Amino acid sequence: MTHKIAILGASGYTGAELVRLIATHPSMEIVALSGDRKAGMAMADVYPHLRHMDLPALCKIEDIDFANVDLAFCALPHATSQAVIKELPATTKVVDLSADFRLRDPAEYEKWYGKPHSAVELQKEAVYGLTEFYRDQIKTARLVAGTGCNAATGQFILRPLIGAGVIDLDQIILDLKVAVSGAGRALKEHLLFGELEDNSFGYSVGGKHRHLGEFDQEFSLVAGRDVRIQFTPHLIPATRGILATAYVQGEASAVHYALADAYMNEPFIKVLPLGQVPAMKHVRGSNFCHIGVVEDRIQGRTIVVGVIDNLTKGSSGQAIQNANLMLGLDETAGLMNAPMYP
Amino acid sequence: MTHKIAILGASGYTGAELVRLIATHPSMEIVALSGDRKAGMAMADVYPHLRHMDLPALCKIEDIDFANVDLAFCALPHATSQAVIKELPATTKVVDLSADFRLRDPAEYEKWYGKPHSAVELQKEAVYGLTEFYRDQIKTARLVAGTGCNAATGQFILRPLIGAGVIDLDQIILDLKVAVSGAGRALKEHLLFGELEDNSFGYSVGGKHRHLGEFDQEFSLVAGRDVRIQFTPHLIPATRGILATAYVQGEASAVHYALADAYMNEPFIKVLPLGQVPAMKHVRGSNFCHIGVVEDRIQGRTIVVGVIDNLTKGSSGQAIQNANLMLGLDETAGLMNAPMYP
Amino acid sequence: MTHKIAILGASGYTGAELVRLIATHPSMEIVALSGDRKAGMAMADVYPHLRHMDLPALCKIEDIDFANVDLAFCALPHATSQAVIKELPATTKVVDLSADFRLRDPAEYEKWYGKPHSAVELQKEAVYGLTEFYRDQIKTARLVAGTGCNAATGQFILRPLIGAGVIDLDQIILDLKVAVSGAGRALKEHLLFGELEDNSFGYSVGGKHRHLGEFDQEFSLVAGRDVRIQFTPHLIPATRGILATAYVQGEASAVHYALADAYMNEPFIKVLPLGQVPAMKHVRGSNFCHIGVVEDRIQGRTIVVGVIDNLTKGSSGQAIQNANLMLGLDETAGLMNAPMYP
Amino acid sequence: MTHKIAILGASGYTGAELVRLIATHPSMEIVALSGDRKAGMAMADVYPHLRHMDLPALCKIEDIDFANVDLAFCALPHATSQAVIKELPATTKVVDLSADFRLRDPAEYEKWYGKPHSAVELQKEAVYGLTEFYRDQIKTARLVAGTGCNAATGQFILRPLIGAGVIDLDQIILDLKVAVSGAGRALKEHLLFGELEDNSFGYSVGGKHRHLGEFDQEFSLVAGRDVRIQFTPHLIPATRGILATAYVQGEASAVHYALADAYMNEPFIKVLPLGQVPAMKHVRGSNFCHIGVVEDRIQGRTIVVGVIDNLTKGSSGQAIQNANLMLGLDETAGLMNAPMYP
């Protein structure tokens, strides 16, 4: 059986990535693509790499007949997303890729995103989309909130450690090396090739990055107490990928065991042998996450490194993984393509 | 039905690309991977991006039981390839990715590759693997010789023009912009990141590139007379892709028509509307080829631009396309994954 | 003696490159920097790499006291440039880096730039700034028009050949590989890192690039007859540099001799031994131009390859070279810094 | 007065960088260049970007007449360096760029570099070449040991903090983002363009990097007690530059003050206003170091970010800065060229 899919906000990178993945998905069919400013254009004119596909033209959201849609991926900017989703028919399942439904507490949303939430009811209903940890709730959810890409990476490496109680909760430092596509196709000076080649810099330094809202919420939930980590992302001259280096205080063997145990049966998360670290490109273009653990020379300190592709496991691949569960499909359907290397 | 596949020379980039593509191929199963110098190693230790796959360890070729192999991809260096293939049982179908069986005339082989051919009988039997032009012969072949990646790109844009007689055969200039993975994983100074970033240079300039042997053979065959083109490849700081710019003398409309007509029903080759040109990244990681035609301001001159991914359509994807035909499978099986962009 | 310098339009890449070069120039002092939209800002806030320099803040052009300025570099957009320059006092020497005074024929200007010229008198007076060929006129000029960066590269390799009559004037093809900084700091989608990495594409294909106006003017002048070349630039994923590949019909030895002879005493132009080709990065960040000549396998065909840094020899370095002459300084003053490699 | 300079080991990146910088140095003249395996070759054949310079050919060290050499830069591999330097005449001043004389304790040398030191007497005499902190001793030294590039970066940001007692000495974490040229021109698989593009990975993770020997020595010396930091470098797809992110426990204002105070009169080290961070490319190709300090959201935690160019301030520029002092020249001679941006 083929499920009918709409992608709202298909003209951004996460929209294009959804189309790329659905292209070879065995049970999904794209029936509508919205892109308000580009309504009327062929998708191949916005993304010529999709030229070979037979896709509907971009349209306005109001022109989509949702009676004909089983599930909508919503790849719109935050704030826009909540306004759109609250108007969708209740029969349409929704995977939202924006930040709008990640934070359960409206005050936290307002704190990090700078304005009140306009769909508080939906916010309550939404399930946080970190599949490996919310699998059962996602299966029956109507609305799933995809995680931030940085937030996903950090949680994959830290969440089991917090849950297992093997690290000091007050001494967690997370340093990210982030490729540029996470910022989308926006026209910003620091995203220009000439600016970023041979360059790197921290951003939102000092605990200002919005994904901290997710870390605070989730880590505190797991720990049963307030947890605040230090988190600094750095842009590097790469297009896809996030490499997260976590500095934790705890025994390496216990840290490694907690991760290996947590992910033993996970199809997409691979824990390397103790002492090995993964590289960002080892998961490029795929839905996989690789995690490595190394003991520091200082007794009781451990480094944990995790890598994902921000557009796939960090966003659109995760979204399809969740959609698979919501539609009763095999969780891995359409997602087992191998990383592209070199 | 699943066909049993061996990959000889799996530790190079084309070997890894074959594994990547077969990972989601519906009817192929990898039963053996050879890598003489790395025999005994797990594939995931050579290519950690394949960590999630359940693959046989690398072995020596002599340890493979070919009775259990339906088709072998041979991704060995040239010269080695001919020595290995002539020892394989006649019941094993072979797609060779090296240069060893591309040139039908042993004298031409010796001229371009510097030593006599040691498997002349096989050379006669081998079918040239440019699928779109040798489809029927490939279906019944036992041994198919994959084309050079530059040779494939040049032929996709020029072959129909020579066939249709719409360009001056004595004034063909082909200028290529080539990504670095075509050179393989070899340790050469000019392939280092620090050397190639912010760099570009021509190589084999002046008509010294070995793929000219293929152009000479194929274009002369199509034209029914000797054809010699000018061909200069340039390395650019990119990992995957070839962009070919052909300068031809002929009317743009006739050139465009000849291409559009030739590829009208081809699943992998897309001709853009007259006046548009493709970009290298529009086919990255995929088996597609995009072609554009533009009229020059000088009357009677036309520019034709074609792009492929050198590792996919230029090598391993093409090899699987040919293997599909040889095994009676759908030609596109396992190859419809969309390009990875951005 | 120190000459007082103003840079109009200092907030663009060519403005910043002028400042970089003047930082170690023995006889120039920057007294004014304009940047209309950024007036009031410190240069270090626009370009933090200049933080160590003691520079005037950005101001509006009308706030500059030109009585105190010996020479103004005008790095403004075309059209703006002519409007500004015609208001400058006649005592201020001007090196213009825009396209406004490159074309002597107002009709040609209008053809390529789409509107009538508004300073036709100045256009007549302006000297074309290709130093090596207009040296004597530049020495006494009040207004020098810097060349296009692509136009400079093409002329360095072709001009002596046309002058010496060693190539067929009707069969000249010029294929450029161009780094992205030539497009400036403009916010355009195709200049984003994520779009350009692992990418390449032709632009202004078919003889539509504006620098053709310069080629037509200069090559026809040298030849004493109309000359029209084919010219196709391609963007590559690099920040600085132009690599030009010219396909000409003429004997390689004569071609090589014409170039070696023309540039024998030039401090910035180096002709390689016959058969060798230069790489783009060999001149990065410098005012040098390297040229190589290779004989093609086809009798009577020759490939000529030239490289420059578009921001230095192609723009700001050339501008300083011209200013040196106009101010009676040594032509190489401040310009002998070696290329940055790797 | 011009000083006569020999560069031993001129065929590596630091050797080439020395030549680049000396090209415009007002008081240094290169009289000898050694490169054992390339003896007899012209420097322009090893590094064509130096083609415009009039340089001696590469020779063997034993063919250099050191009576004619005022100062030798020794850019040889470690272990080789000590063997060569102990044979040089005592009248030749030496700046060593290898690791051989950085560690004062022979046992530490053996621990980190795996074999006993063979020139222990010289090791005692050598001055550690971190100019800003050893200036007076360098002025009168005969042998100066250039620091590691990572070690320099870390010390620039941490040393004043340890000295001022404003941070917790047991909670220092240093996370580096390192460009590839630090690894030299060596042919290693992970340095290939195709491997590193779109990639990033930690190396020597867990406190295994040799530059820790320098940190341990210097930080303990400054603190007057044993200090052990956590230090993890990560390779990123860039050619030049190091970006160091230090996570420290101490008040941001005190941290900022300590740095601003320490470097107030330093010509090459620039401390940004509190709250701002530098970017790697802001110092590319130059001898500058930019440092930024940001307060974390967690009370009492501070992030310090520093950037240098590993080949310039991290190696060859630092070496010239030291040589300037040793030769009685202005410390900044030949080093005030502005960074190359973009």
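Each chain gets a letter, A, B, C and D, in the order it is written, and its residues are counted from 1.
By definition in this document, contacts are C-beta pairs under 8 Å (C-beta built on N, C-alpha and C of every residue); 3 or more make two chains touch, one makes a residue touch a chain.
Please read all numbers here as calculations on a predicted model, not as lab measurements.
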item: Given chain C and chain D, the chains that contact each of them; value: A, B
item: Identity of the chain that, by mean CA position, is farthest from chain A; value: C
item: Chain pair with the higher count of C-beta pairs in contact (A-B, B-D); value: A-B
item: Between chain D and chain B, distance of the C-alpha-averaged centres to the nearest whole Å; value: 45
item: Chain centre separation (chain B, chain C; CA means) in Å; value: 39
item: Distance from the mean Cα position of chain B to that of chain A, given in whole angstrom; value: 35
item: Touching two or more other chains - residue numbers and ranges from chain B; value: 13, 179, 181, 185, 194-195, 197-198, 237-240, 278-279, 281, 284, 342
item: Of all residues in chain A, those that touch chain D in their complex; value: 171, 173, 175, 177, 179, 194-195, 197-202, 205-208, 212, 228, 230, 232, 234, 236-241, 243, 245, 247, 275, 277-281, 284, 294-298, 301, 303, 305, 342
item: Complex contacts: residues of chain C adjacent to chain D; value: 13, 16, 19-20, 23-24, 47-53, 181, 185, 197-198, 239-240, 267-268, 270, 272, 278-279, 281-286, 288, 290, 336-342
item: Contacting residues of chain A [partner chain C, same complex]; value: 13, 179-181, 185, 187-189, 191-198, 237-239
